[in-house]
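Same chain, two partners: subunit A is paired with subunit B first, then with subunit C.
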Partner chain A sequence: MVSHDDVIQIARLAKLSIKEDELDALTGEMQNIIDFADTINSAAESGEAFDNINNLSNVFHDDVVIPSYPTEKILENAKDVADDCFLVKKRCD
Partner chain B sequence: MKYEMVAGLETHIELGTNTKIFCNCTTAFGGDPNTHCCPICIGLPGTLPKLNKQVVEYAIMAGLATNCEIARVSKMDRKNYCYPDLSKAYQISQYDMPLCEGGYVELSNGRKIRLTRIHIEEDAGKLIHDRGDTYVDYNRGGVPLIEIVSEPDIRSIDEAKEYVEKLQLIMKYIGISDCKMQEGSMRCDVNISVRPQGSQTLGTRTEIKNMNSITYMAKAMEYEFNRQVDVIENGGKVDQETLRYDEVTDTTSSMRGKEDAHDYRYFRDPDLVTINVTDQQIEALKKTLPELPNARYSRYVNDWGIPENDASLLTKYKKVSDFFEAACDGTENPRTAANFIIGQIFRTLENDSAKEEFNVAITAQNLNQLIKLLDSKKIRMNLAKSTLDKMLETGKPVNQLISESDMGGLDDATMLKLCNDAITANPNAVNDYKNGKEKAIKALLGFVMKNSRGKADAVAVERTIKEIIK
Partner chain C sequence: MSEISQIKKINNMLTSKEISCEELTKSYLAQIDKVNGDLNAYVNVTPDIALASAKKVDEKLAKGEDISLLAGVPMTLKDNISTDGIETTCCSNILKGYKPIYNATVWNILKEQDAVLLGKTNMDEFAMGSSCETSCFGGAKNPHSFDHVAGGSSGGVASAVGGNIAAYGLGSDTGGSIRQPASFCGIVGLKPSYGAVSRFGLIAYASSLDQIGPITTNVEDTAIIYDAISQYDEKDSTSQGKKGCSTCEALKKDIKGMKIGIAREYLEGVRDDVKEAIENAVKVYESLGAEIVYFNLPALKFALPVYYILACAEASSNLGRYDGIRYGYKTPTYENVNDMICKTRSEGFGDEVKRRILLGTYVLSAGYYDAYYKKAQNLRGTIVKAFKNAFDSCDVILAPTVPMTAFKVGHAASDPIETYLTDICTVPVNIAGLPAVSLPCGFNPKGMPIGMQLIGNTFCEGTILNAAWSYENKVRDSVFKSPELGVKL
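So, the complex of A and B:
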């Protein structure tokens, strides 16, 4: 069962601030999500286990260098860029 | 009350592959920001990672060299956490099916530090914080790592230091990493707790992250040990948390509350397929492993009669040890080669990294030839020493520096003449000696050695000079 403490711990890790009066509702919602996952789990148990849809194993690349992408390409979709780096707001724990 | 330290280490080692763990970008250290990147290693949606075969082989070699069981079936998992050094918001690692389990590293006091596991994972990118901004460089993102997790078997700072040094040496011997702590290719997290001496229960542990030098690791452990003891002595209780160590203030401070494994929401990476390892592959990799440092050390001490300190120095650097082995080949006493290496050759190498690189002008075969001339009594030790100096200076082999006529020493008449010449040419040294300055004899001895081109027997010369001027 999901407890208030679980919700507080998850909120802390996700860096969300939650109010005391939201706890009951959030705990209920989280319990619904867990129940849904449990339903999926019990359904999966009846099927055959497989590693991946293609049943492949040992797919490797050889240790040979291929030229990397130009830096402009790498940074093309970045919101902010400076000195050839991705630029983000500082976030320290 | 007396307290005991209980520590376990998580050691991250960057593997020396050419390419990253899931793509073919180079793993070269440094480079301009974001020049060693592709859509896979910056985690763009729709890309498909493919595991580097060499990473699996290197990790198995690490496992074999540390007495681990190698898993025949293994897989990759996603470890979810959100921080800009990981573009995907998860790190691809291994959770419940690591490549290697069990194993141990044996310390010089005979204690075995058990290993829990060795798994493979990707390194994160580099962050540079400047005022309110963070600059992200993903060159290091996706560089392959092994993480070696020890059991909490370490009981002192000295044991922790030796454990790290031993791991470092083993990995260098088997050639899977350069283990340069200053470049970040080897880093340790220290889990540490304290308990009353004699107690069997574990105290609450803290984790000190990212130690990149053995010296600072030792300092951080000392500080943290004392801090925890203080907390307990003052009636408090140690919080389980992640700490950072500040080298300048020599203190630890809290980074964050410690996450538990379930906080990372590990799950199998659906993009990466199962890793199957066969017995034949393991056997083949076992055959590629060289003799390991502990085994070499015991052989030098027990079979070859090398003093323990010298054996440590010789095995501390793989290139030195290989050179030593080749220089000894077919010679009478390995101690001769050991003395030349630790004495004259080490003197030309000013620091630890120079010894590590071991760029000397001569080959092991050159030294071997010189030692064989000594063994067969064709030359004396004085001449061998001066010749070795010249060899180190010029890179020339023995036969270009010593002619046949130099071999065989000096006849008595020539030696006597040279001794008399020395006395005539150095009246001051003779007077000094007569007035009780024992050391003055060295000037006379030096004169004879120089003029005989090292061929004279120093002991006989000293005896003769003393007899003449008595």
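So, the complex of A and C:
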């Protein structure tokens, strides 16, 4: 059973703010979706171990420094920048 | 017989000097201007970029240089495919104004061949939806009836190609997002094998499921585009490129003796008009000499919940990057960094995206991981194995693309589960990493297109497109119908 507290906790983990007036509807929707997801637990089999698709294996590159994008290009989309860095509010005193 | 391939037709028109590339591009831009208000297919039209590319093609032709088959062909990209310096929003408020600083590999490939980009097209927000209506720009409409949705999530590409305001387009398919809108709009859409086409520059939804593929008006154009974009790319760690010969070479082979499988589970819960169209397609294949094989795939029963658990889990991780710090929307007022991130995400994401992030976070959280995520991964293994076994007895699986035809605008929104159920025929392919092509196979009594999909074994794009082309070649006039819209070539 999904409770208001569950939704608040999950939203906190997902870094989403839930307004008080959204909580009832969202809890109901979450319950319906979880009930739907829960149908997999009616499967008789435990399933096959699955670790990759189409026999893919990890790709490793040589440990060589290659040119990247210029700093000013990377900062172009940020709202607040200073001294070639992304700017955020101070997190501790 | 007139040329069916739009790409070949345009190439002939350009190389024979029947029309200049600039004239052709201007005619597409004029039609976009005329019909995009109704279709809402494009969210960002790029006339300057299109005309600059057209000029380059005309200069090459004037100098007598050879041009590639794709040179000068006006096309579009879904708005989750990165384009250097061109706004790419995923149709989300959180990415409005974002201009990537690099190109997706698929766009680099096409750009190298002098493709003409007309603009970026509409989609469900972050590709999460089946009607294109979760877009922050409003949904794309169906070119066969503006009262109906184009489908989703690549609804804008399908609407533009179906409405003849792009010769072809690239979409992405995580659980049916190329095939479902292609089916709704009466055109062709290919979801390639996992690893066949580079996703570098595709804004991620669910990385173990996402693939980029073509949406076109005919099967041959799909083969041409697939052959062009299926290249190995070191920037995508899952990239393998195309395996085997070109699909264009395989396209027109005789399919006599090809084994076409029908999994009975795919026909459960399908509307009568769709079922009848599939049965008629089976008869066409029999007349072409194919052998029809019926079998059961009971593992399909769990495909939809497995898909939603895995896709949402991956989305909750992939979408963690939107924090307002480096790009996109940032809330104007906040108290501290955590408050800024939470407000930015809550104000920037739409309801469906938030719903999926919450579900994904839930199934990955302590106490629920084993019951949901781990179990879903194991059932994914079961589904992969079931398809592998099925391909021991057939070459291609024929199934409906969607259990119904396009729904009316506004109909999809109210119940999330009911909307998810429309993906029931398309998601198994993504779970198993297989290729599948959707193509038209009839119309319902109201004239809305019905689509079927042909599913192949891994990297067997050539086989499914061969089967698709053979069907199209036999019955094109009765199942493909282009609406009276857009550019007439």
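Here is the rule we use: the second predicted complex is superposed on the first by the 52 of 93 C-alpha atoms of A that agree within 3 Å, B and C clash if a C-alpha of one lies under 4 Å from a C-alpha of the other, contacts with A are read in each partner's own complex, and residues count from 1 in each chain.
Everything that follows uses one rule, which is that a residue touches a chain if its C-beta (ideal position, glycine included) is under 8 Å from a C-beta of that chain, and two chains touch if they have at least 3 such contacts.
Every value quoted in this text rests on a predicted model; they were computed, and no experiment measured them.
Once the two complexes are overlaid on the shared chain, A:Val88 sits against subunit B and subunit C alike. Once chain A of one complex is fitted onto chain A of the other, the partner contacts of A:Asn58 extend to both subunit B and subunit C.
Note on subunit A: of its two partners subunit C and subunit B, the one contacting more of its residues is C.
Once the two complexes are overlaid on the shared chain, A:Lys79 sits against subunit C while remaining clear of subunit B. Touch criterion met: A:Asn41 reaches subunit C, while subunit B stays clear of it. Once the two complexes are overlaid on the shared chain, A:Leu16 sits against subunit C while remaining clear of subunit B.
Touch criterion met: A:Asn32 reaches subunit C, while subunit B stays clear of it. Judged by the touch definition given at the top, the superposed model places A:Val7 against subunit C, while subunit B stays out of reach.
Note: residues 13, 54, 56, 58-59, 61, 69, 74, 77, 86, 88-89, 91 of subunit A belong to the subunit B contact set and to the subunit C contact set alike, using the contact criterion stated above. Interface residues of subunit B facing subunit A in the complex, by the touch rule stated above, are 17-19, 22-26, 32-39, 42, 44, 50-54, 56, 75, 83-84, 128-129, 131-138, 255-257, 259, 263, 270, 273-276.
Against subunit B, the residues of subunit A that register as touching in their complex are 9, 12-13, 51-52, 54, 56-66, 68-69, 71, 74-75, 77, 82-93. By the touch rule above, subunit A contacts subunit C in their complex via residues 6-7, 10-11, 13-18, 26, 29-30, 32-34, 36-41, 43, 45-50, 53-54, 56, 58-59, 61, 69, 73-74, 76-80, 86, 88-89, 91.
Chain contact summary for the complex, subunit C toward subunit A: residues 97-99, 101-102, 193-195, 208, 234, 237-238, 240, 302, 305-306, 308-309, 316, 320, 323-328, 330, 334, 336-338, 340-343, 345-346, 349, 354-355, 357-363, 365, 371-372, 375-382, 384-385, 416-417, 420, 432-433, 458-459.
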